[in-house]
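The two complexes that follow have chain A in common; it is paired with chain B in the first and with chain C in the second.
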Partner chain A sequence: MTQLQELARTLLSEAAVGVVIGWEEGPRGARPAFVTDPARADRLIFDRRCTANLATYLSPRRTHLAPLGKAAVVVKGCDARAVAGLIRETQIRREDVVLIGVRCGGVLADPASTAPLTADTVADRCPGCQAREPGLADHVVGDLPPAPPGEATRDALIARLDASSPSERWAFWMREFSRCVRCNACREVCPMCFCERCVADKTQPQWLESSPHPRGNLAWHLTRALHQAGRCADCGECARACPAGIPLGLLNRKIAQIVAERFDYRTGDDPSVPAPIGTYSLSDRQEFIL
Partner chain B sequence: MNAKTITIANLTALVDDLVASGTCVTAPARAAGGKVDYRPITSFPEAAFNTELPRRSLKEFFLPPTEPLFSWRLGGPGIRISEVTTSFAPHVILGARPCDAAAVEILDRVMGWDYRDELWFGRREATTILSVACPGVDGSCFCTATGRGPESSRGSDVMLTPLGDVFLADVVTPKGETFVGENAKRFDDARGAAVTDGASRTSNAAAVGQPKLPLPEVQRWLAHGFDHELWSTIALACHGCGACASVCPTCHCFDIVDEPEGVLSGTRRRNWDTCQAARFTVHASGHNPRADQAARLRQRVMHKFWIYPSRFGEVLCTGCGRCARACSAGVDLPEVLRTITALAAPGGPEEAAV
Partner chain C sequence: MPTPAERTLAFEPRMSAFVCNWCTYTGADLAGTSRLQMAPNVRIIRLPCTGRIDPLFVIKAFERGADGVIVSGCHPADCHYTSGNYHARRRFAVFKELVEFVGVAPERLTFSWVSASEGQKWRDVVNDATARVRRLGPFDAYRALAGRRG
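On to the complex of A and B.
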């Protein structure tokens, strides 16, 4: 039995929690698991295929999980940022969740893959990761694996897009958005999309057109990107869930770069650090105000 | 009509002929990101012919993700309504997967049931589907369990089966016969014995390893399984994101919206929607009869494997496996069906209850 399984079994058998949310082996690789019986703690795994961010299940929107009781959730360092976000924005209280941190050496972009972790198969947020030792956790298990392979290709792609002309950037994003059918998968899997009623679902007045035509798709994706400013945990789940393969992570990453530059703020795993969207400082830059 | 064959060279020429005559040709083709989608091609080499399963099914060519139903303009003596056309230009889909082609015909039933959907059938009549026998995709395939198979010609007008370096072309429908007749110079007569061999080799290879699911038993279990604890268990991981429905060849629910375009005019459109979204059933009062994800996931399984077959005589699923592949949370429809099969089995835990 692994350290993770042992800990989960103890938490469940001592009734410290009602459910341990981790990963298990599924028909298509690693997938989320909800263990309520201590005898089944041996289902839990952690390896390079544990790509999914389980912090999403802590969102109060997941009403069907509430009957299971207090949750322990297994988090990688990046996932802990989402938990911190939920605490920072008063969606959950720190004492209402037990966090089991796992030391991480990067995960595969596709949890159904059986490939080794290489520069080609690693999730694009992993290279250069600063959160391999999970913060915020009550328990940390496992040894620290080697750093994720590869280089931060995302920032290079953003730099290329930034260097292109506005019309080329427009063409790039309109081509990507043209595949969107507004299934809302990006929103539903996002740990930080916890609004009880999303602006996109409002009809009186209807702020955003729900139709997947260029106008509606542009309005939706820009609105979502701006609502994620200084909030996105960079877990990559929106892009992974998108059945159309739209590189939504690029948008969020670009916004994060702007927030870092304008407000010297990077989304981290300390919930006591306020996010720029919820704070005011006399030193905030204001040269854009006419 | 006798069975025909067609060579790659003639498929290439056929696409050239069609494009030259102004016919839109859609085929699986690789998109910028390296994935395969069904999309218009202008020459055969653009097609990723019988390589990967396209990301989305064929349904968008008959029920687009968004489409106008009519436009309105206020002013003058009253409201002026502009209808949309229900007749469409000829369209050829080349290299459809059998699971996708079958889905379109299954959907004809609901689209022509209490109301004949003119937009659906307008596109259906304008479109000729040439499918190609499937080499299989991966372990999430379960087409044979839904009563079809990798070589099934259901929903196709012409069925192509790889036969060495040519394709056997079976004419399936009168529309297919017309198509082959109009393009007769691109097809050759087939020789008998090799034909049967080629067809059976393909089907055997792709059907190997697929799960056996006794759908009548699944259906019987579902008829009494509404309150079973299974639903709350399998829905734990489900985000309600609806990615499954958007890639599904048979999910066909839509929303109707009125969109103003300026002050005095606008368009009524219908857009894809999904029972996996909470807002799909929420009432104006705020009450939602499908209160949680367990109820919504149950609806998707019930509709496909109990409600639709009860009304139309066949399941609303062709076993393409896209929902399992698209799910970021690992909810796996073949696994759900295997679980129900085990629950429903004689001597199984549910025998007494059902």
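On to the complex of A and C.
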């Protein structure tokens, strides 16, 4: 039995928690698991295929999980940032969740793959990761694996886009957004999309056109990105869930850059640091305001 | 069919201005009662506070055919509700950089602080913003999105 399975079994048999949310072996790689029986704690695994961010199951929108009782969630460092975000924005209370941190050496972009972890197969957020050891956790299990392979490429891509002309950027994004089918998978999978009623679902008035159409798609993706300001934990789930392969991670990354540069805020795993949107500073830069 | 040159000449920008009730709207009112001459292209939408201006309003304005948008409110420390403009400042700082990242020309969006006594500043903001959008031409790229199927 691994340290993770041992800990899950103890937590369940001592009734410290009602459910342990982790990953298990599935028909298509690792998948989320909800273990309520201590005898079944041996299903839990953690390896390079555990890409999914389980913090999304803590969102108060997931009311069907509440009857299972207090949850323990297995979190990687990036997932812990999402949990911190939920606590920061008063969606959950710290004492209502047990966090089992796992030390992480990077995950596969595709959890259904059986490939080894290489620069080509690793999720694009992993190279250069600063959160391989979860900071926000009640228990941390496992040994620290080697650092993820590969180089961080997203910032270079954003810099290239920034250096191109507005019409080139427009053409790039309209091409990407035109593939959007408005399935809302990016929203549903996101731990930080916790609004009880999303503005995209409102019909009176209808702020966002809901059919897959370039104009509505642009409005949706701008709104989604904007609402991620200071929230996005950079877990990469939106881009992974996207059936159209839209590079949502790039937009999130750009937003994170803006927030870091303007408000000196980086999404971390300390819930006591206030969110940058919803607070303000008298000395915020206003060079863009006449 | 008018040639592109003729079209640019005939082009009158459609501008939407989202302004706060307490400062900029009153400032615009002062500009009017002072009989200041300014570009007639701007349609003003009055809101309680810049803090009430959701960036979705700006997106909606572009969707409905605006060529340029102005957002204006009370100077820092002047907000009727103490802090609405500070919140707006953060929100629109992010919004502005985001829309530029997807390729909207920065000239299409104008942000300003105009107090109730600054009728002349309002005139300048309106004239300058309209002139900038006039130079850019109509926002055909956004309008074209409406006609295309995804």
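Methods note: the second predicted complex is superposed on the first by the 290 of 290 C-alpha atoms of A that agree within 3 Å, B and C clash if a C-alpha of one lies under 4 Å from a C-alpha of the other, contacts with A are read in each partner's own complex, and residues count from 1 in each chain.
Please note the rule applied: a contact is a pair of C-beta atoms (placed from the backbone, for glycine too) under 8 Å apart; a residue touches a chain by one contact, two chains touch by 3 or more.
The structure presented is a predicted model; accordingly, all values stated were derived computationally and were not measured.
Partners chain B and chain C, once the complexes are superposed on chain A, both fit on it without clashing.
In the superposition on chain A, contact of A:Val189 is made with chain B only, not with chain C. In the superposition on chain A, contact of A:Ala52 is made with chain B only, not with chain C. Touch criterion met: A:Arg31 reaches chain B, while chain C stays clear of it.
With the two structures brought together on chain A, the opening angle seen from the C-alpha centre of chain A toward chain B and chain C is 90°, to the nearest 10. Once the two complexes are overlaid on the shared chain, A:Arg240 sits against chain B while remaining clear of chain C. In the superposition on chain A, A:Pro212 makes contact with both chain B and chain C.
For the pair chain B and chain C, the least inter-chain C-alpha distance in the overlaid model is 6 Å.
Across the two superposed structures, the residue set of chain A contacted by chain B and also by chain C is 179, 181, 212-213.
In the complex of the two chains, the chain B residues touching chain A come out as 31-33, 35, 37, 55-56, 60, 65-66, 139-140, 232, 235-237, 239-243, 245-247, 255, 257, 259, 269, 271-272, 274, 277, 279, 291-294, 324-326, 328-330, 332, 334-335.
Only residues 26-34, 52, 56, 62-65, 68, 111-112, 175, 179, 181-185, 187-189, 201, 206, 209-213, 216, 237, 240-245, 247 of chain A touch chain B when the two sit together in their complex.
Of all the residues in chain C, the ones that touch chain A in their complex are 55-56, 59-60, 63, 76-77, 83, 86-87, 89-106, 110-113, 125, 128, 141-142, 145-146, 148-150. For chain A in complex with chain C, the residues that touch the partner chain are 161-162, 166-174, 178-181, 199, 207-208, 212-215, 217-219, 221-223, 225-226, 229, 251, 254-255, 258-259, 262-263, 276-282, 284-286, 288-290.
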